[in-house]
Amino acid sequence: MEKGQRESWRIALSCPDKRGVVAKVSACLAELGATILEAQQHSDEVSGHFFMRYEVTQDEATSQASRWPQKHLEDGLADLKRELQLDMRISSLAYKPLVALLATKASHCLVDVLQRWRSGELPCDIACVIANHQEMGEYAGWYDVPFHHVDFQGQPKAEAFKEVDVLLDEHGVSLTVLARFMQIIPPALIDKHPGRIINIHHSFLPSFIGARPYDQAFERGVKLIGATCHYVTADLDEGPIIEQEVIRVSHTDTPADLRRKGRMCEREALGRGLRLHLEDRVFIHGNKTVVFAD
Amino acid sequence: MEKGQRESWRIALSCPDKRGVVAKVSACLAELGATILEAQQHSDEVSGHFFMRYEVTQDEATSQASRWPQKHLEDGLADLKRELQLDMRISSLAYKPLVALLATKASHCLVDVLQRWRSGELPCDIACVIANHQEMGEYAGWYDVPFHHVDFQGQPKAEAFKEVDVLLDEHGVSLTVLARFMQIIPPALIDKHPGRIINIHHSFLPSFIGARPYDQAFERGVKLIGATCHYVTADLDEGPIIEQEVIRVSHTDTPADLRRKGRMCEREALGRGLRLHLEDRVFIHGNKTVVFAD
Amino acid sequence: MEKGQRESWRIALSCPDKRGVVAKVSACLAELGATILEAQQHSDEVSGHFFMRYEVTQDEATSQASRWPQKHLEDGLADLKRELQLDMRISSLAYKPLVALLATKASHCLVDVLQRWRSGELPCDIACVIANHQEMGEYAGWYDVPFHHVDFQGQPKAEAFKEVDVLLDEHGVSLTVLARFMQIIPPALIDKHPGRIINIHHSFLPSFIGARPYDQAFERGVKLIGATCHYVTADLDEGPIIEQEVIRVSHTDTPADLRRKGRMCEREALGRGLRLHLEDRVFIHGNKTVVFAD
Amino acid sequence: MEKGQRESWRIALSCPDKRGVVAKVSACLAELGATILEAQQHSDEVSGHFFMRYEVTQDEATSQASRWPQKHLEDGLADLKRELQLDMRISSLAYKPLVALLATKASHCLVDVLQRWRSGELPCDIACVIANHQEMGEYAGWYDVPFHHVDFQGQPKAEAFKEVDVLLDEHGVSLTVLARFMQIIPPALIDKHPGRIINIHHSFLPSFIGARPYDQAFERGVKLIGATCHYVTADLDEGPIIEQEVIRVSHTDTPADLRRKGRMCEREALGRGLRLHLEDRVFIHGNKTVVFAD
């Protein structure tokens, strides 16, 4: 409950048509006794789709009597949801969704997410770390997070991903973060978690798509390199972009230097993108995102 | 009318108390037949003040019958304005307020604003250029804008500012931009145009307050320099900040290099800050601003 | 003569092998009575090529006797040039090479270069503006620069480019800047001016190669857009990159907004890249550049 | 030995007068059989002081016979050192100076330096973590670094700093990093380690000097906040600046948000500044620095 002491909620809504929607939603919120702290609305003029995000709190009068359960808002908005065909997500600012972190050998993104989480910067809980190399186990141990090694070399990839699938289910995760996982996720697993797998790609997409972006950047002689945090879709490196970051480089930088500088971009783009997602500021809209900035 | 073909309006509102305000305002807008394109709301938790900005358009049904005059919105919101003690500004996206540019000898900010304006980037009209040096007359001439030279050396400053005052009145300007004017505006003139005089200060405030910020930056050996676009208040260099910009510098930069690099920051911070103001995205709140980003 | 009052020279050198090169060059400079103000050296480890840049001035003792002609340095370094197979460029800081600006209809880059030049920020003279639309003539007139309209619609492009070729020859230009020229330069013209045609591409290369980068950026939903200043080679959009710039964008930005924001990047990348070239800080090395930063 | 397989050295030199210095130093290096990989020189025109940095490697011919000891360079340059009054530092790229990290309760800078070090990004070894709170001991443990708790509350500060002094001596550290230590270092300790104590200040100096910069930034309503990495001198917050970083903030950011966003700047400015120092790229010159960028 970062903002004030009373419980607050995030309400993220979108709908195909927008006539009077803000009025209806905010009237309904007022009736329910909710005070709006922060709100943003956006109408996509190409598609006509409408997006809204509210941060609300129980107003003082009613909060002194008794605390709401979240159901108060859900039930209160239920009719409107039907009427306006709202896609609606409600979550308490105090709610901490479960996140799984998938990694390989590079530790910088993994450690950064774990440390941000431990510092209270990320409104989530880390359910587990899953990696195809044992080295990551030590980091998970430091942060007291369950670690699962999945063997991607001694068995077919399909089998390995079946293990991952089972682990995600067992932990009941709401979000999977590919913290430099470097494995292509099978379509079935993506379909099972729509809009709930986030990747950090180590280039400024759409530049340098593929596996060796820093070497490509070195070859091309660019003066800035970057990283891209995006949702995973069936089209590799083509998912909706959440956040991007760049850093200046020069002719003195070897590919190893680019990798080192790029790591700063990667963890920064992932850290920010992840927080935007967890605060329910991101709406996927086709192959793009609407991001209500903090 | 950048966004779509129908006429659109910006409505900027703020009020001391916030219970149900969004609901009431948006219900009223819906009743008036206004479709919300873009909206942002913010509650300042320290002061309890509430800020809203809407971009609305006449909805399709009513727009096919007849076009609204702006009065339609003003009259329609009048009761609410009284009830909620709304501070309210309404302007058509097609409306172009009159702006006066005040300059001295440095041309970079003046030319940049004139060129942005000519390119259609700034929703305003330039009423005139006023300068205490004749050199700026040539630039005004290029852009076909009236030029007024006011002598600040051959007469007392109070007299000179009286001339400025008369000129601003004669041109009926809504906004005065100090595009590196380098003269301290008398309090009476500031009071006459509250929140309607914008300055570009050639440092990253509050660093290097005063007249020679680049020399100060050189002496201190900073690694970034900047510029600040702010509203002018009686407290010099202390007015509410609208926008800031920085650029990297190094030990090889002489004070002349800092001035050259700083000019890029100045015109960028001024250009962006000015546009934010003209699009009615800025609310002055005490000594700070609420800026609903574009 | 920005740095101090005595005349200073830039010496840009590169050579295939590097043993003792710095020693020999700087010993030779010392013998010639040149004081080093600023110097940078870089060895490309992949190719083994070596790059050097010096800013030197005549030392006090000799400068009080008589001023050097540039020939003093050229002759003094001639033996070394042969011995070390030096690619060598020497220019006085006071020297102003002649630059041609080619434009179409978009004025932002053209005006920005003209204004930087007029403000003394660019160590060059503007020989002429050449454009395939008459509108640019007005800007050339403001800055008192010869204007040539070349018709690219009423005659075959080859004919039009022949006119351009003749104009560049007549003006004796050392550098041609495509300030949003939007025409593909024929290979023969490129070969005639190797490393002496600079383009500003309106995207963060290698993203969005081609003619409509802002629309592509809008479609892809990127969160940063950019611009690239590069040398023109026969491979379109593939020439050695000198400088790049980016700016943050969001879901609220229409393609028109991207174009507007992108213009700021374009002129900034071009202004900086052009200055780097004019100060002889850029070495083309294969498809990349070595840029000794200011 | 990041750059190539042969051993390489950094040579950082400065001297009061500059006539022929580059020639003499590089001639001497050539005679010694050193190949220059990268070099930068700068003459401070105000003071006339000259700064040089070389990265050299043993040339192929001599390296096949036998490897140099560092003494080869030191002895070889000794005469020149005397003659030119060179302030000279030589270090192998493989050399890892010992660094002590001092912290309080905030972990972000401490963990970031430890993680960068573990990832091989920082050419140093971490001698120990010293903190006035026990919490930091866990992090030191993770990274297998000795931890020392020094009590700053149960004893006079002078006593506590005597303990710190002894610890720094016992560990034989060459550099002390105040990773958000928040205690004012006594002048005697500073004098004992001239130019060898680095601090990260949580503001964009010289803005918001003092203990609560984020609250000051909130009050002032700035649109960018920052962090400054600098050498510690007797004048608090006035030491020579090595590196600075900024990040955009807005009216929605509470002081807690500023602190969170600022942490990213702090660790970034510290990580970069520390690396610049460790690579011997930084020269202190009066109250400023010359930083030969990587």
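To keep things simple, chains are lettered A, B, C and D as they appear, and every chain counts its residues starting from 1.
Criterion: contacts are C-beta pairs under 8 Å (C-beta built on N, C-alpha and C of every residue); 3 or more make two chains touch, one makes a residue touch a chain.
Values in this document were obtained by computation on a predicted structure and should not be read as measured data.
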Partner chains shared by chain A and chain B (touch criterion as defined above): C, D
Relative to chain A, chain with the most remote C-alpha centre: C
Interchain centroid distance [CA atoms averaged], chain B/chain D, Å: 42
Chain centre separation in whole Å, for chain D relative to chain C (CA means): 36
Per-residue multi-chain contacts in chain A, two or more chains: 3, 38, 42, 45, 250, 252, 254, 293
List of chain C residues in touch with chain B within their complex: 2-3, 38, 107-108, 111, 115, 119, 121, 142, 250, 252-254, 256-257, 260, 263-264, 268, 271, 293-294
Interfacial residue positions of chain A with respect to chain B in the complex: 3-4, 18-24, 26-30, 35-43, 45, 59, 293
Contact set on chain A toward chain C in their complex: 42, 44-45, 204-208, 220-224, 226, 240-244, 246, 250-252, 254, 285, 287-291, 293
